[in-house]
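The following blocks contain the structures, represented as structure tokens.
Heads up, the next two complexes both have chain A, just with different partners, chain B and then chain C.
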Partner chain A sequence: MAVVKVTRPKLNSGEKMYLGAIMKGFVITMKHAIASLRGKTRGASDLASSGLGATMQYPEQKWDEHLPEYYRGAPALVTDEQDRERCVSCQLCEFICPPKAIKITPGEIPSDDPWAKVEKRPKEFEIDMIRCIYCGMCEEVCPEQAIYLRKDYAITGLSRADMVHDKKKLYEIGGKRVGLVNKWNELK
Partner chain B sequence: MDLATLLIILAKVIGLTFMVVLPLVPISVYFERRFSAIIQDRVGPNRVGVPLTLLGAKKDFSFFGLIQPMADGLKLFLKEDFTPSHVRKAFYWLAPALTVVPSLVTVCVVPFGSDLVVNGEHHKLVIADLDVGPLFIFAISSLTVYGITLAGWSSNSKFPFIGGVRSTAQMISYEIALGLSIVPVLLYYGDLNLSNIVQKQADNGWLLLPLWGASAPWNNGGDYTAWLFWIPAMIAFVIFTTSVFAETNRMPFDLPECETELVGGYHTEYSSMKFAMFFMGEYAAMVIGSALVVTLFLGGWSLGFGIDAAISDVTVFGVGIGGLIHMAIFMAKVVAFILFFILVRWTVPRFRYDQLMRLGWVIFFEAALINVFLAALVVAAPQYGPAITVGGLIVLAIVTGALVWVLKVSERKALPAAA
Partner chain C sequence: MSDNAATVEAKLPKDLAAEKGLVNVQIDGVWHQLPRGMRMIEACKIAQKEVPHYCYHPKLTAPGNCRMCLVQMGMPPRPAPGQEPTFDADGYQPIGWMPRPVIACANTVTENMGIRTTGELVEKCREGVMEFLLINHPLDCPICDQAGECRLQEFSVQHGKGASRFVDMKVKKPKNVDIGPRIRLDDERCIMCSRCIRFMDEVAGDPVLGFTQRGTHTTLTVHPGRKLDSNYSLNTVDICPVGALTSNDFRFQMRVWFLKETKSIDVNCGTGSNITIWTRGNKVHRITPRQNDDVNSTWMPDSHRLNFHYIDSEARLSAPLVKIAGTHAAAHWNEAITATVTALKTFQPSEIAIIASARMTNEELFLTRALADALGTGQFTTVPRTGEADELLVSADRNPNTTGAQLVWQTSDTAGAMFGIREGVRSGAIKALLVLGEDLTDAGFTAEEIAKPEFIASIQLLAGPTAEASDVVLPGAAFVEKRGSMVNVTGRLQRLNRALEPLGDARDDWEILRDLVLAIQGGQPGDGPATIEDVFKSMAEGTAEFAGLSLSKIGDLGQPVTETGIKIPLLENERARKAAGLING
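Showing the complex of A and B:
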């Protein structure tokens, strides 16, 4: 690689005095201060600023409608259009999960069930949200498109046990997603 | 000394130190946080207030977060006061007090307002009306460096030690410029009593705003001394203000606690209230510094434009409260100057250590010295006539030119060998 020699810029005597640069600095900082007091900070309107600077006042205002499509929030399980749980407990997500946050107890689907041909579903599915790093690998690895990162970000709890999302909670967050794969749907 | 005098002195000490200057410390911390926030397009602390929702009200009473300093103080009180085992205990405990106390002692010579008249008796709004005001302030405030040095040394750890050493070097360097830069001011007023200096500024125009009273040429028969003196006064003001920044270890010169290099500097090993005392010491020094700048250069408690005599005579129910109005004006000026301190902190990046030393020893020291002669020339010009004045100016110009030449020559470095 070519070597680029960077020399210090030659300063003229005005620049060496330094006072002009300080004045320029004052002008810049005061410009920001005045703009932020008038609520005219650049980007304030795009960011739904509360009036001072570009800051949104969090619990009162939320960023939810600004969340991008690719936002990675809490992972959750989804059902298909026939309310069948998509997860077939293959445990790939459990294996891929870098912080080992996912714990699956597989169970068989009894033969009298309409979806008996799917053979397996999770008996229990737990994601420890203290461990989860929101990397999205579970979503990527899932062959059934059963686990998705949704836009929930305020995951709180008063104890460690509260922070473990069980199967019920995961389906509650995930809800229903239609029109993805119809592997098990005979009608389509 | 009778009991009444003693009580008045006690009232002044408690009133001015603990009711006026100490509350300014948390207020300036609050201003620092809010002002820096709006400079950086943020909001700053605006939440802490009275939690009325806990009592069933609809909304909290946040009051722009003005209660934040109290919350900070409470937090620092409640934190664990940890003394590491490797420190020199006696000095380690002494150091925080040594940084706070000198700053608060210097309050006693600052004139806060004109006289307060009670029952026909005039009471000066200054704790000790010393005739050596500025000298007393320099003598006491330079003791602050002992606190910092002792903190650095007694912590028995390398980063605090470097911080303490840096602080010592910095204080010594800027003390000279600080002292020399106000010599022109003292030459002009011929007085070392801060109350008298402010009184003169109230009557005859501020040092940096000589537009009324005897300093205006249309009032004193065409004497332009006060206007000519504006030049050395402005130079003195710049040098003095910058040196005050260095003395208080504020941002462009905060190398003793420079967190990118020295973790936390001299207070790395301190926690809880001991750390808070360093913090308070820094802000108290800032308050005193701006009080001093306002007193010497910006007219102290005077409102200016020749209406101070009228304010001094304001009387309500037989009590001359003009002094209190003047005190409010003084406080407003001090707060405005503190805001300037804060603006500088969030505008100017930190100096490198050699730049700091060069600025102190090579530039400010020489500039202050030349400024003393320039001021003396301006003050003496009406007595000695034009011939001697012009001669003096020529000598001064030659000396200045020689100094600048020496500066340039000494700075010339050998060019690095071409590779």
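Showing the complex of A and C:
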């Protein structure tokens, strides 16, 4: 093991009085104070901040339009062009989910349904948003391109039950998604 | 050379093996001694070399139609006329490898044979076979119930090419076909291995399945006008290597990779088929047979395998009940036990009778005996329950532990006191009944007779006439919630294992019995045996057949402890087919 001996820096008398450093600090603070009063702080224009500092005034101001393409918000289920539920309840997301936030009850599609040939879809699909860690494993593992992490991040509720997204809520967040691989069209 | 060869010849491996009736086979470069006539695929299994296969099943004949088990075979080259066979330093003849592969499932091993389960030829063959099998396969694994235990899935990962070169449309076949009351058929997923056809023909003896059409259009169908409704039909689901045959009961219920497997035994008849209980959380999702060549081979009847839904049904009792002024009210365990014992103590021992069950484990029966001794009553019995035997696996004795009761109680007729007790209840001589896991209706009591005793306490699983009539109801555990042992009709001691915790406040039956005995004797809680192992130990001390055994020593496949002379017909059929060389396993 190499031993490095660190010596204390030698300070001259001016540095030992630290008056100069205090003055420097005052100047920096004053610079920021004046910029704030003029509404011209850093990020005022490019981050759409309030101009009263680099911080945004959430929730009056939001950064939503700046969210990058890869942003990972609340997971949600999507339907395809023909409003078919893409999820076939294979339960791979339930299996992969690290915090075990997903609970699926599979169900059979009745034979009179136009999509009866798909045979299976979730009867219930619940994601506990208290547990969800927004890791995106569910999206990655999905063989049907049915679950996506959307840009919703403000998930709130007054009770634990409120924080569980059921199937209806998940499709509401997810909406319709077009341009995906569609393996259930007529030509298999 | 010649006299040297003569001394070596006496010690040649082929002669050493032949003395034991074996042959030398080289499998992937290692020499093994194996019985003559064994299938190559079984030989590879013994050598712990996996040969992927679909159509071969050790308990069925080998038609060799899936071509997945192709291996390379070699034999010593035939010597020219007058040429002496040559031996290498170890005494084996050099192997001449054949340029074309052979199927391992239908060929048998012979002396000095060589088998290669790896190598370029074999691997190329497997890739090719996989590609052919996947041409018309729908690849709907996210939906298919077999996903996770699908041989096609597994082998396409291990031996497949990873991509399809096939650009034409896949052949369409019937999907979601209702071929029987318990089975659904998806012909597109079928890979034509014919295991189900052979099972129904050779084992179940009801050949209703067959192929129609030819080539890529080959379709599995059920005979016109017939249904796949045999009581053994669900075994075809187990042996189907893909998801072509699925069980209606388990279909789309749960993915198999979530399920926990617990080895246990079936309790629906005296055969005691070995089973695997598949659970997730506190719910049983399915029950499948587990291989035991001395009990059920690899099969089990549908009626037994599907009989588990009552465990979490509406009728299941989950809290002790005490009847106060004609209505049942939930009570604590201590209250219920005290209420039972207090009431029992008001009767003379001769006025108390115990109706126990041959559905109880040996340990429970042992404690029942202790309970009868503590009460001082000699009137205890089991309830006989018989049905029709089906000449395969279903035994005429529908109680799973009749033999065990005979051994534990040391009597040849455990139901001997039944008549006397029924008469006693009728005449009013018996005023208190203790019903342990039995239904009084099954025991032949009429509604008036059930109403007659002054006091009834019962350990019950489900709500019913007995629970209704009981003054104290003690909720017991179902067979999937128990650990214990039973002895089947052939005299084999087998073990139940606990797959689930008892539902709600319900308790393991042996704990209830122990607490009752303790309360009657005035013992302190904690005096009695603490674990089921302790109960077995004290039982084994008093039962000669169980001497030297413990619950863990029974093992997953059980131990023969007594000879009853009863044979299981399905095993007799299997042995005959094995003797005839039809099957190998």
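Side notes on the structure shown:
As a convention for this text, the second predicted complex is superposed on the first by the 163 of 188 C-alpha atoms of A that agree within 3 Å, B and C clash if a C-alpha of one lies under 4 Å from a C-alpha of the other, contacts with A are read in each partner's own complex, and residues count from 1 in each chain.
We take it that contacts are C-beta pairs under 8 Å (C-beta built on N, C-alpha and C of every residue); 3 or more make two chains touch, one makes a residue touch a chain.
Keep in mind that this is a model prediction, so the values were computed, not measured.
Look at A:Thr55: by the touch rule set out above, it reaches chain B but stays clear of chain C. Once chain A of one complex is fitted onto chain A of the other, the partner contacts of A:Thr29 are limited to chain B, with no touch recorded for chain C.
In the superposed pair of complexes, A:Met137 makes contact with neither chain B nor chain C. Chain A has no residue lying at the interface with chain B in one structure and with chain C in the other. Considering their complex, residues 138, 141-143, 147, 169-170, 172, 175-176, 251-255, 257-258 of chain C touch chain A. Residue ranges of chain A in contact with chain B, taken from their complex: 22, 25-26, 28-30, 32-33, 35-37, 41-42, 50, 52-55, 57. Interface residues of chain B, counted against chain A in their complex, comprise 35, 37-44, 46, 343, 346-348. By the touch criterion given at the top, residues 88-92, 94-95, 106-108, 111, 116-120, 143-144, 187-188 of chain A touch chain C in their complex.
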